[in-house]
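Okay, got some structures for you below.
What follows is chain A paired twice: with chain B in the first complex and chain C in the second.
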Partner chain A sequence: MNRPAALWLAVGWGGFALLPWYGVEDGFWSFAWLFDYPAGADAAPALLQILLFGRWWLAPMVLALAAPLVVLWRQRSDPLFSTVLLAAGSFGTVCFLVQGFAIGLGGWEYATLEAFFGPLADRQFGMGYGALLVSASFLFLFAQGIAARGAINGDGFVIGSIALVMALVAAFIFFPVVRILASAFQDNDYNFVPYLFVEKLFSRDIWGVGCLTANVNCGVAWNSLLMAIVVGVSTTVLGLAFALLATRTGFRAKRLLRLLSVLPIITPPFVIGLAIILLFGASGTVTQAIEAITGTTPGRYIYGLPGIWLAQTLAFTPIAFLVLIGVVEGVSPSMEEASQTLRASNWRTFTTVSLPLMRPGLANAFLVGFIESLADFGNPLVLGGNFDVLSTSIFFAIVGAQNDQGRAAVLAIILLAFTLTAFWAQHRWLGHKSYATVTGKGDAGLHVALPRRVTWLVYGSALPWAGLTAVIYFMIMFGGFVELWGRDHSLTLRHYIDAFSITTGAGGLVWSGAAWNSFWTTIYISLISAPLTAAVGLLTAYLLIRQKFAGQEAFEFGTMLSFAIPGTVIGVGYILAFNVPPIELTGTGIILVICFIFRNMPVGVRAGIAAMTQIDKSLDEASLTLGASSFATVRKVVLPLLRPAVIAALVFSFVRAMTAISAVIFLVSANYDMATSYIIGRVENGDYGLSIAYSSVLIVVMVVVILLIQLVVGQRRIGRRDEAVNVAFGAGGAVG
Partner chain B sequence: MSIKGKAAAVRFDGVSKHYGPVVAVDRISFEVQAGDLVTLLGPSGCGKTTTLRLIAGLEMPTAGSVFIGGDDVSRLPASARDVSMVFQSYALFPHMTVFENVSYGLSVSGVAKAETRDRAEEGLKLVGLSGYGERLPSELSGGQQQRVAVARALVLEPTVLLFDEPLSNLDAKLRRRVREEIRGLQQSLGLTTVYVTHDQEEALAVSDRIIVMRNAEIAQEGVPNELYEAPRDLFVADFIGDANVIDAELVQRDGDYATVRVGGRVDLRLPHRDLPAGPVKIAVRPEAIGLEASEEGAGLTGTVTQSTYVGNHVEYTLDTGLGEIFVADYQYDALIPAGSRVQIAFRDRGVTLLESQT
Partner chain C sequence: MKRLGLFMFAFAVSGLVAGAANTAFAAGKLTLYCSPQIEWCQLMVKEFEKATGIKVAMTRKSSGETFAQIKAERRNPKGDVWWGGTGDPHLQAAEEGLTQEYKSPRLGELQDWARRQAEQSGYKTVGIYAGALGAGYNSELLAKHKLTAPKCWADLTKPAFKGHVQMANPNSSGTAYTTLATIIQVFGEEKGFEFMKALHKNINQYTKSGSAPIKASARGETTVGIVFQHDAVTQAVKGFPIKIVSPCEGTGYEIGSVSIIKGGRNPESAKKWVDFALDPKIQTMAAQAKAYQVPSNAKATPPPQAPDLSQIKLIDYDFKKYGSSAERRRLLKKWDDDVSTLPR
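For the complex of A and B:
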């Protein structure tokens, strides 16, 4: 008997004949459905759905589950074995998809089908665990069929993994994006109305240039572009200044700069915006100082482009710093020395050799800042005022009074076009250089000292900025202890008590603080999604680095794509795609977990790629020739050696799940509210004290959890390769 | 408990391996007898490693079939083949101790704990490393690491053992010792072994048979002295030892031998190798040429253009009517200075007709 095939077939039958086919109310794990099981229409498995409830469209799948039984005892090398598995797997998948998409909440989804088959008395809901297992079974049976054909060394585990990752990426990245594209052509009642698309695409509030001539707002697309360019330039310049400061000057407090580079990782971006309000808002410290000195009231000057620019530059400069420090260090000293031996002065060496050599790196840093800025949602929401940008407009198109899905889709497409163009440019310019590992070859020589003018410029820009950053973080950490910022500066614990009080009630401890609910949800969701994200990411990295298969480049592009898809776009896509059958997930915690997995997966992929390129491939091969399957090889050889990358991926996915806002804000529900969206809600109510208190708690919790993860996953036994972690942190510049 | 060989024969039947447009192995066929040590020898990039990986199952042939012990294993993955490999880099798992490394193959294939331990101990003893079990590979010398790699491969009692340039990371002295150890183990256990090297001396020293490869094909196959004494063509002659290739003429054949006339003057009796009468090429080892300093004589003559003293012999470059000739003289009395006229004589051994004229 072929064991893997038998296993997956058993899984398939289990899903078909035992588990509820449709998603059950109250969630599967509540087990409330057991009362209704197995003969209730909601909880019945597929087999009974066919027999008792006449859902005949599920019947063809029986065929696909029965056929493999016939060949289970045949040799793997028998052509019939692979043919039957391939046929069953693909036929089953097609049946599964067709019935899922053809029949929905209102019966037939397509009028042509209704006309052909006649109206359907019945309808169906979102799929559940039974359907999940059956579809997984089809997928892996298909993979076993390919393996039996001898592709990729006949390795069922590798082929299954490829199929799994492809299916997941298709379902949770491509499908939502396609749904956006589709709904851009639809009105709110899902009718196909192409002229509406054209109308919305070219509407004045997107592309208008009225601000140039009259005193009206420009289109959101121009606003977004302008903001992204300004932020890209300023983060690049400041990032370069910090990188030069760290590597080319005698600056003493270099460790502090390292700290600076970790901060944005653990800070939800909009928290910076919050601190800026406390400083420059209507009753902010600086505003009041100006009032006191000049006697005039500056008003809401910070809202709009200046505030967003300040917040984003503060938030994203450290990312540019991380990108550029590698670039600055990468300029070979021997080039600079060569220039000097040709009698060039320091200044000329810097401007004619060093800077041009850094040009691709600078372009990269700019593009990273550009993409980050476009994708940022929290800061424009908090500080935007009347200055609308794409990411916030998308949000308001969905949740606001407009509730215009078509408009949200059109805006999302424009935003996606911007970021994808930048992403594409980045890839073209830099190719795969970002993966290159440091070779062991030492490049002798010392970097040439910076010309004096440049040194002053570096100090002059970097130090004040570092000071401002310090002030901002001081505000974040201590703003929560002040009664009412700007009005009443008496110290208080009130905000912390409001948010995190615990009282003893009748049933013991009561988590009575307002923040506990969202706090625990956040921790819980982040802790669930971190290991899953790391697993999917590292598995993908393993497939990319250690295996060769047809279509590998497309595979890589697909998995890295979600890096370039702004969170708001994903949020809209998920709402459009997963609000209705066949996959009905909105309002659950699962959709948050899935969203995090696929938004953060590239981080795991990069960490894995960076670490795996440093591990000799012959280690895997040695394990294979010693009789270990590739699954055992991954478990016993690759994973233990990847421990630093595992830590990096875990930490990153955890932290990013805790700090994410842009996609999350579309997906939270009353039951599953996340900390960031809760804080944003409070900010909108002007409740700054509690917001900042909550934010500081989040930051502290993240630091603690990071340390804990490091402790639990443990130290490496072969003390080397710390780099992987750093590489991963360096690559962490992703879209917010 | 002791480790035995379960030798099986290996056969390649028209095997090719393509990487996209690159042809790494081109329709090669050969057979390795059970219990033999066969070396794959050839210049860099000729496809030796690829051939070895095809046996191991780390690559699948693009065409043709691989047989081990009579079974077609062409589509079997590495983990399902009863083959072990010692890698050039040793590929010891850095996060496992020496003992864990050696017992890895046994434990992943589900051998009982006690037996695993016994066999791993046995394996370490076999390579003279008992008592090193608790160390990490990074705490061993290069030679010791190499032996751990061998032990790790041996404890599985593979039907075929593969070595990819196992000595290239060792220094010259150690290389000689380790290769003798490997050969000793292989012979005492009766293992079928395929051994890749690009060092001809190593190949001659350890092999039962040698397969010389060139450009993804087999150039010649045979026992060591056959390859040295009777290379088929210039490539093999030149790759295994040095050789002067000289134009000559096959005058006539009688029995197994032929009369071959060199330079129109000197007749040699050489095995004819099925060549017809007419122009031929012969390969002459540098040490198969004797020199005598004298102006004229009946034989071939030449002028010394360069003479170099290198310790245990003297090297000469001669300018002759047959072209430039390289000579290594191990029996010299006195150095012949450059510019001298010399008489050239061929010794009995080390001169052969080349079968292939290219």
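For the complex of A and C:
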């Protein structure tokens, strides 16, 4: 008997004949469905759905589950074995998808089907665990079929993994994106109206250029582009200044720089925006000081591009720093020495040798800043004023009184086009030129000192900026302890008590603080999604680096795609795709977990790739030669060597899940409210004290969890430096 | 390596356990979409759970967001009842058949304006509170800029107020749409749009949310905000230097409403919620949550700080006409084309 095939077949039959086929209302894990199991219409497994409730469209799948039984005892090398598995797997999957998409809540989903078959009295809800197991079974039976044909050394584990990742990416990245594209051509009642797309695409509020000549607003597309370019340039310049400061000067407090660089990553969004309003707003501290000194009233200068620029530059400069520090360190001293030996001045060496060698890093840093800025949602929301950008316009097209899904989709497409172009440019431009200066040859020279004017420039830009960052963070911490931030600065613990009080009631402890509910949900969702993200990410990295198969590039593109998709776009896509059957997930915690997994997965992939290219393939081969399966090799050889990558992926996905807002704000629901969406609701309401207190607690929690993860997962036990964590942070920055 | 696997496992299990603990069995269930401020929502939920034993799952979103959500979910409603928020989207939901007819036994106890609105909607929504539109200004900023306190709508269009007035964008906010409809009913359509154009020159920002202008005014980010008067009261009670303006030409008002969502999963609990929301004892509690609207049940006591509707010159606001989708779309388009594109 072929064991893997038998196993997956058993899973399939279990899903088909035992577990409830449709999603049960109270959630599977409440087990409330057991009360009317197995004969209730809601909880019945597929087999009984066919027999008792006349859902005949589920019946063809019986064929696909029965056929492999016939060949189960045949040799794996028997052509019939693989043919039957391939046919059963693909036929089952097709039946599964067709019935799911054809029959929905109102019977037939498509008018043509209704015209052909006549109206259907029945309807289907979203699929449940039974359907999940059956579809997984079809997928892996198909994979076993390919393996039996001898592809990739007939390795069932590798082929199954590839199939799994592909199926997941198709379902949770491509499907939502396609739904968005489709809804751009629909009016609000789901009719296909192509001219609406053209009308919306070329509308004045997207592409208008009136602001060049008069005091009106320009189109949101131009606003977004302008913002992203300005922010990209400024973060790159400042990031370079910090990187030079840390590596090429005698600056003492380098550890402090590291600390400052991590802070913005663990800061919930819009907190920086709030601090900026209180410093530079019309009644802000700085503005008041300017008024007192100059006698003019600057007013509301901060709202709009200046405010967004300031907040985003504060938030994204550290990412540019992390991208650039490796590049600045990597410039070969011997090239600079060669330049000096040829009698070039410090200045000439810097401008003609050092700087050009940093070019790929600079381009990379710029594009990361550019993409981050386009995708940012929290800062434009708080500081935008009348300066509308794409990410916030998408949100308000959906939730505002105008409620225009088509417009949101069109804006999402434009935003997607911008980020994908930037992403493509990065890939394209940096992929082909060689800037390699770290080679195997002895290269032990010392870096040339910076020219004096550059040194002054570096100090002059980096230090004030570091000071500003410190002031802003001090303001944030301080804001949680004062009565009414900006007006009444008497010290109080009131906001912390409002948010996190615990009282003793009749039934023991009562979590009476207003924040507990969303706080525990956030921790719970983040804790579940972090290891899953790491697992999917590292598995993908393993497939990309260690295996060779057809379509690998497309596979890589697919897995990295979510990296370039801004959060608001993903949020809209998830709502459109997963609110109605066959996959009905809105209102659950699962949709949040899935969203986090696929938004943060690229970080796991990047960290895994970075770490895995350092591990020689001969180690795997030794294990395989000694007769271990590829699964055992991954588990016992590759994974232990990947500890830094595991840490990076765990930390990053946890932190991202705690601080994400742009996609989450669409996906939270009554039972699953997340900290960030709760905080933004309180910010809207003007409760700055509580918002700040809550954010400070989140920051502390993240620091504790990061330390805990490092402690428990531990170090890789080989005597080398591990840069994977830094690499991942730098790269991971580009997830909006 | 074992440690790592164990750790990942513990990580996931701790999450699952925490999740299982969340799903408790209860007498009944209700999914509530709540549009007023969160304190009021939480107070209502607490009191309702205490009174009925029904477990409430609540989401707070603005009325525009909630309307969008109910509409998006109409083929598969997730919510049972929608409580609070300005009446227009409730009427729109009634018009589009998203909500369900229900005649509460307490209808007879209500104020005339609440009964009239219920009739107009075919009993698909019912008023729970009313609040008059107006403006609020920051008295410290007003003195600093040596401006005279505005008393009428017309005062806000004076050149002296250039850059000092904030209102929400009528496209995204129910409050601002009420403002637009009010101005048109006060001045007539042609003059009303002339007014909006003149006002546009003085506006420093069109915010997204309806009450944001008065919050900005409280923190000194703008001098005047056009908002519902009870929102201005909330800021004044918090200790900000906010003064309230009831425009001399007359002003419109909103009726905050409650609607039962059609096709919801717990219709009986939803009806109990509506009866509960119209209970005079419950309506009287609003002031505890810093809500200063006038309650719809005639037996309820309005909060002492609430703007006294009998002292305000209210217009006979035509909810039927200005709440309809077609009129709304027409006016918003006209505002978009004629007003928002003008230079400032």
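Everything that follows uses one rule, which is that the second predicted complex is superposed on the first by the 705 of 736 C-alpha atoms of A that agree within 3 Å, B and C clash if a C-alpha of one lies under 4 Å from a C-alpha of the other, contacts with A are read in each partner's own complex, and residues count from 1 in each chain.
Following the convention adopted for this analysis, contacts are C-beta pairs under 8 Å (C-beta built on N, C-alpha and C of every residue); 3 or more make two chains touch, one makes a residue touch a chain.
Computed from a prediction, not measured in an experiment: that's the story for all the values here.
Taken together through their common chain A, the two structures put chain B and chain C side by side without a clash. In the superposition on chain A, A:Gly154 makes contact with chain B only, not with chain C. Contact with neither chain B nor chain C is seen for A:Ile590 once the two complexes are overlaid on the shared chain. Judged by the touch definition given at the top, the superposed model places A:Lys636 against both chain B and chain C.
Of the two partner chains placed by the overlay, neither chain B nor chain C lies in contact with A:Ile272.
Once chain A of one complex is fitted onto chain A of the other, the partner contacts of A:Asn671 are limited to chain C, with no touch recorded for chain B. With both complexes placed on chain A, chain A has more residues touched by C than by the other of chain B and chain C.
Of the two partner chains placed around the shared chain by superposition, chain C is the only one that A:Asn386 touches, whereas chain B remains out of contact.
When the shared chain is aligned, chain C comes close enough to touch A:Tyr524, but chain B does not. By the touch criterion defined above, A:Ala622 lies against chain B but remains apart from chain C after alignment on the C-alpha atoms of chain A.
Think of it this way: put the two complexes on top of each other by chain A, and the tightest Cα contact between chain B and chain C is 9 Å.
The intersection of chain A residues touching chain B with those touching chain C, taken from the two complexes, comprises 636, 640. Partner chain C is touched in their complex by these residues of chain A: 25-27, 29-30, 32, 104-106, 125, 204, 210, 214-216, 277, 281-283, 297, 299-300, 303, 385-386, 396, 398-403, 405, 484, 486-488, 514, 520, 523-525, 527-528, 530-532, 534-535, 575, 579-581, 584, 586-587, 589, 635-636, 639-640, 643, 646, 668-671, 673, 681-682, 684-686, 712-714.
Within the complex formed with chain A, the residues of chain C that make contact are 1, 3-4, 7-8, 11-12, 14-16, 18-20, 22-23, 25, 31-33, 37-38, 42, 57-62, 64-65, 67-68, 71-73, 75-76, 78-79, 89, 141, 145, 163, 169-174, 177, 204-206, 208-209, 211-212, 215, 218-222, 235, 238-240, 265, 332, 341-344. Put simply, chain B touches chain A in their complex at residues 56-60, 75-79, 81, 83-85, 87-89, 91-95, 104-105, 108-109, 136, 138, 152-153, 156, 162.
Remark: chain A residues 77, 150, 153-155, 616, 618-619, 621-630, 632, 636-637, 640-641, 716-718 touch chain B in the complex.
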